[in-house]
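Next up, some structures in structure tokens.
Each of the next two complexes has chain A plus one more chain, namely chain B in the first and chain C in the second.
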Partner chain A sequence: MDLALLGQYVINGLMLGMMYALVAVGFTLFFGVLDVIKFSHGDVLMVGAFTGYTTFLGLEAAGVHMPVIQIVLLVIASTVLVGLLGAAIAKYLILPLTNAPALNILLATMMLGTVLREAVRLFFPEGSNPKRFPRLLPDTVIPIGGFDLRVDSLMLLIAGVLVIVAIHTVINRTKLGLAIRAVAQDAETARIMGINFELVVLVTFAIGSAAAAVAGVMNGLYYNEINFGMGLLLGVIGFAAAIVGGLGNIYGAILGGFLFAALQTIGAVALPFASAYKDVFAFAVIISIMAWRPTGLIPEKVSERV
Partner chain B sequence: MENTQPATAGRQDPTALPIGILAIAGMTVFAAVFLMAESEAAVGGLLAFAAVAVLGAGKLGLLERVRAAFRDHELTMHTAIVIGALAIAWVFREDHFALLMLTMAMLYLTACLGLNVQLGYTGILNFAGSSFLGVGCYTAAVLTQHTAIPPLVILPLGGLMATIVGSVLILPVLRTRGHYAAVVTIAFAVLFKTFLEVNDSLGGPQGLAVGEMTLFGWGFNSNIEIGDFYASFYMNYFLLALVITILAFALTRRIERSWVGLNMDAVRIDELAASCFGINLARWKITAFMLGNFMIGTAGALLGMILGFIAPTNFTFADSLILLSIVLLGGMGSVWGIALASAIIVMLPEKLQLIQEYRFLLFAALVILVLRFRPNGLLPRADRIYFPGWRPR
Partner chain C sequence: MKLGRSFLATAAALALAAGVAQTPAVAKEKVTVAFIGPLSGGVAANGLGGRNSADLAVKLRNQDENAKYEYELLTLDDECKPNVGVQVATRAAANRDVVAGVTHYCSAVAMGTVDTYNKFGLPVVVWGAVLPDITYANDYPEVHRVNGTMINQNQVAAEFMTDQGYETWVVIHDTTDYGQGHKKYFTESLEKNGGEVLATFGVTADQQDFTAELTQAKSLNPDVIYFGGLTPIGVRIRSQMDKLGIDAQFEGTSGIVSDAYIEGLGELAEGTVAFIEGAPIEKLPGGQYFKEQYDKANYNEPPEAYGAFAFAAMNLVLDKIEEVGPDRRKVRDALNKVEGRDSIVGEITFDDHGQNAVALITKFVVQDGKWVVWEDSEYASGERKLNGM
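After this line comes the complex of A and B, so read on.
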């Protein structure tokens, strides 16, 4: 295999891994504070991508054509709106259901995902057709040997790393992060200590959803195409990544995300006769990992209370 | 002496049975009228009527009597329901579409009873229900096209195949719990559909044709014409599906009431306590998982023959979710609830053609509302009755 092809696979794998990790971080944050799985996460990502796209159309109509301003406003609009959406989902769907069986919450949020997906398909103009996402980043390339490194890929990767570092810093270095970790550890005690439980939950859901919005915009900028069904598979993969890494652990989510992308890439490279089977291969490995480490690669530290 | 004998006879309500039979007759007529209703307004009106009737009957205490009738006169009530189903089929004997819908509802019910053994009794989450349905369909497709195995034998073979394919998941399903277990079957559901799409020998994305059901030389895809009598060919499938559903129903009911069901309930409610009492968790989980997959696969084999043509898009993760929602909507472990939910979920979207475009949206919203405001389902499972005449307090 020549360097150019290998480099392409590596960059593509890293991009995928970054998106999966951003989605998985959301899953793991939600699980941390409320012990719930919010399965609509993938569709929230899709809403993020469509919000970004709508903002772009709005800016074009308003006569703003500078890519830098467009991309900044687009990301801001997408993260803020989707953050609010995430907080609203937490307040009106998940918090009222916290005492219900885990399966009910899982199913309710899956159905919410369907509602979001169908709403975009039905009510967004021409929503059932794929949309061409604008190419806003510079399309210059840096030649490294025989391989052309695209600058936009590099910028997206750096942006993803920055988002993850930012979330990590918020969780581990700020007072808000302390409150989130306290709620994650023991919600009852956290309340007694004067932490506003509901506010912390809502903010956590907003942060996780905003991360998904970033992943959605990233997806749009990288592939230059978005559609209403893009969230479903990304959500499933993000969930699998969070679980394989170990729920409630942000490093586990990142590890799981990149692991899944690596499996897909290996599947595509190492199975030359059948690269179409890359997803089959990746999911089969995930199932085997679950059989081998039933609570993920970095297990939760809990002991069962009887 | 009276205290040692549970006094069943004294507590029975003599009005229960007639009211129960009347309720079934009413439901039969309602279902027939509902299937006949052509316009959206009529369907809407009927739905409103059903809601008012159920609420009113509840206020008048009639629902309690119907429940008592099911409890005390089970065989009579079940026979009445089968007669009701046959009566509806008789009324619609020339109507392809109505019979197809009824047959589909019954096959979904059979598959969901399989899921119910897994989830409702033993607490095993299976997000790959439609994948096992698909295994049954593809088994039927391959065997009817390439072998001379009698189609009736293919039905249990479809179930067997689903059990065998499902057995690769036993180890991860046994070792994982809760959300971790969910990912195993979700991953399998996505894997299965992707596999079908990229695998050329099983037809790839285009799918496969499935041969018809034949019984004693009688092809099920031909209309029934005996003298002046004429009935749609779906009548064949309806009757066979009815038999299979009754078998699945009886099996589920027997399991629920036996020591097997008691063990499964114990595993679901508290694994730790169950194992402390010497219940072998692995044994019951494996039994429930394989039996459930067998029922789903058997339903799938017949489903494939009825559809005549199958493709990977019939067996997506979303379809698995619909199967699971039926179990949840009806009420986990409640077989009658699941029967009601299958009928609603299979027939309602077909009847509301105007909202056809919006049906997934409305359907998803409906499930959310039920989960939010009636978390135990439409007809929650009743408490287990350990002795005749015993009432939970």
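After this line comes the complex of A and C, so read on.
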């Protein structure tokens, strides 16, 4: 295999990995603070992509045609609205269920995911058809040897890194982050210390959901196509990535995301059987890793196990 | 619907009365033929269009003074459900007055009923169902079909594309029966026409990312990327081809011939080619005549896409009854010998499975945001060029 081709595979894999990582970070944040698994996360991502798309349509209708302004506004609209959606899901669906068995929350959020998906399919105009997401990034190509590096892919990757760095900074360098970490370690004690438990949970859900919205918009800008079912598989993959990385640990989630993308790419490219089995291959490897390291590659620092 | 039934009942009663009264020798002998299609349910529009078209063929024949027999149409509703289909097929086949039938729009129903027709020896001509297995899975001499299948579609596709000068292909297909079938028949036809398939990729129906497959395809540098599957994946693949800078021609199947494909891609859809079984009515050889007659008869419903095929199938059946007499066995054998016969949907030649071997396939290309019949396009006239040409 020549270098140009390898370079292309690496870029493909990195793009995929970045999107998976952003989804996985959400799963891991939610699990960190509340020990819950929010299965509607993939569909929240899809809502983010559609919010961005709708914003774009609105801006076009309003006569705003500058791509830079459009992209800034649609990212803001998408992250803010989906952040609010995430907080609302936490407040009205997840917090009331915190004392119920974990399975109930998992089921309730799974059903919510279906509601979101079907709502977009039914109520968005011609929602069951694929939608053309606008090309807002420059489609310049930087030739490196025989390999063409697309500027838009590069920008998306950088944006993804920035989002991850931002989340990292918030968690580790701010008072809010301290509160999140405190709640994650021990909610009871954190409450006694005067931390507003509910607020911390809502903010965490907003942050995680906003990250998913970024992933959704990124998905749209990268593929130039969004559809109501796009979150389904992304949700499952993001969840698997979070688990294999170590649920509750942000770095684990990121590692898991890139690992899954790498496995998929290898499955499609390097293995002798048909590429239709690439997901089978990737998930099978994930299962073996889970058998080998049940708490994930980078386990959550504070474990409740004795 | 109600009107049709009561009309039919009256007609049947009249027929009975006439039969009992033993009308004088000038009256023609009565012959019954059956039409079966989905007259209720989700695809009823197609069924009613087919019913009207078959009815039109019978009426026109009855107006013809040279016709040897007077025909009656027995209409039955299969509801597009295999179990109901088998019931009504049995009703038609067990009725010895019925000489032949024009049957089924839904593939699953047609698949379920072919055994019945074979068992009772009722010759039928399928007018709408497209699954190849209906004619090819068995060796039933009773079963024929005027419309094409995905086999015909891919034969035409392979021949057309190699004629354009393309030599190498990468085939991508979804792993459903639909996609697998297209891959199989296209690859077979392509080999016969001298084209070469460099690689084949099966993809799942909910897959979002095709960059790994397409990067591999790009390294093989094919002239054409062929996709066997439906619109959503078609949109994704075409869009991601562009992302990766693949300038190969994109070729699809009937599954992507939809407005959603063009809306999903915008300008990127330009120049995509695809093929469907059948044709718009105005493009049929006898489309003008059929449309005129159909409009004159004042049916409540339009003929829909397959009405012309129902008309042609019924006409063929009536022709054969005229030729050999109202005898199931003779009509069956006569149908099996049909070769190079003109009809409003073009020439009909049944192969040894009763499949129309020269079935009508229409080639489409996207031009300025519309699916345009190839022959009418600026691509055919040379004003625009397909990729790589």
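Methods note: the second predicted complex is superposed on the first by the 298 of 306 C-alpha atoms of A that agree within 3 Å, B and C clash if a C-alpha of one lies under 4 Å from a C-alpha of the other, contacts with A are read in each partner's own complex, and residues count from 1 in each chain.
In this section, a residue touches a chain if its C-beta (ideal position, glycine included) is under 8 Å from a C-beta of that chain, and two chains touch if they have at least 3 such contacts.
As the structure is a computational prediction, the values presented were derived from the model and not from experiment.
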| item | value |
| --- | --- |
| Chain A: partner with more touched residues, chain B or chain C | B |
| Contacts of A:L233 with chain B and chain C, given as first, second, both or neither | both |
| Touching partner for A:L106 - first (chain B), second (chain C), both, neither | first |
| First (chain B), second (chain C), both or neither touched by A:E118 | first |
| Partner chain(s) touched by A:N129 [first = chain B, second = chain C, both, neither] | second |
| First (chain B), second (chain C), both or neither touched by A:A24 | neither |
| Which superposed partner A:Q8 touches (first chain B, second chain C, both, neither) | second |
| Contacts of A:E225 with chain B and chain C, given as first, second, both or neither | second |
| Partner chain in contact with A:L259 - chain B first, chain C second, else both or neither | neither |
| Which of chain B and chain C A:V141 touches, first, second, both or neither | second |
| Intersection of chain A interface sets (partners chain B, chain C) | 232-233, 274, 276, 279 |
| In the complex with chain A, residue positions of chain B that touch it | 119, 125, 169, 171-172, 175-180, 182-184, 186-188, 190-191, 194-195, 198, 272, 317-318, 321, 324-325, 328, 357-358, 360-361, 363-365, 367-368, 371-372, 375 |
| Touching residues on chain A, where the partner in the complex is chain C | 5, 8-9, 12, 15-16, 126, 129-132, 141, 148, 150, 219, 222-225, 227, 229-230, 232-234, 264-265, 268-269, 274-276, 278-279 |
| Chain A-touching residues of chain C, taken from the complex the two chains share | 175, 200-204, 206-209, 211-213, 215-216, 218-219, 231-232, 235-236, 239-240, 242-245, 260, 263-266 |
| Chain B partner contacts - residues on chain A that touch it in the complex | 31, 37, 93, 96-97, 100-104, 106-108, 110-112, 114-115, 118-119, 122, 232-233, 236, 239-240, 243-244, 247, 274, 276-277, 279-280, 283-284, 286-288, 290-291, 294-296, 304, 306 |
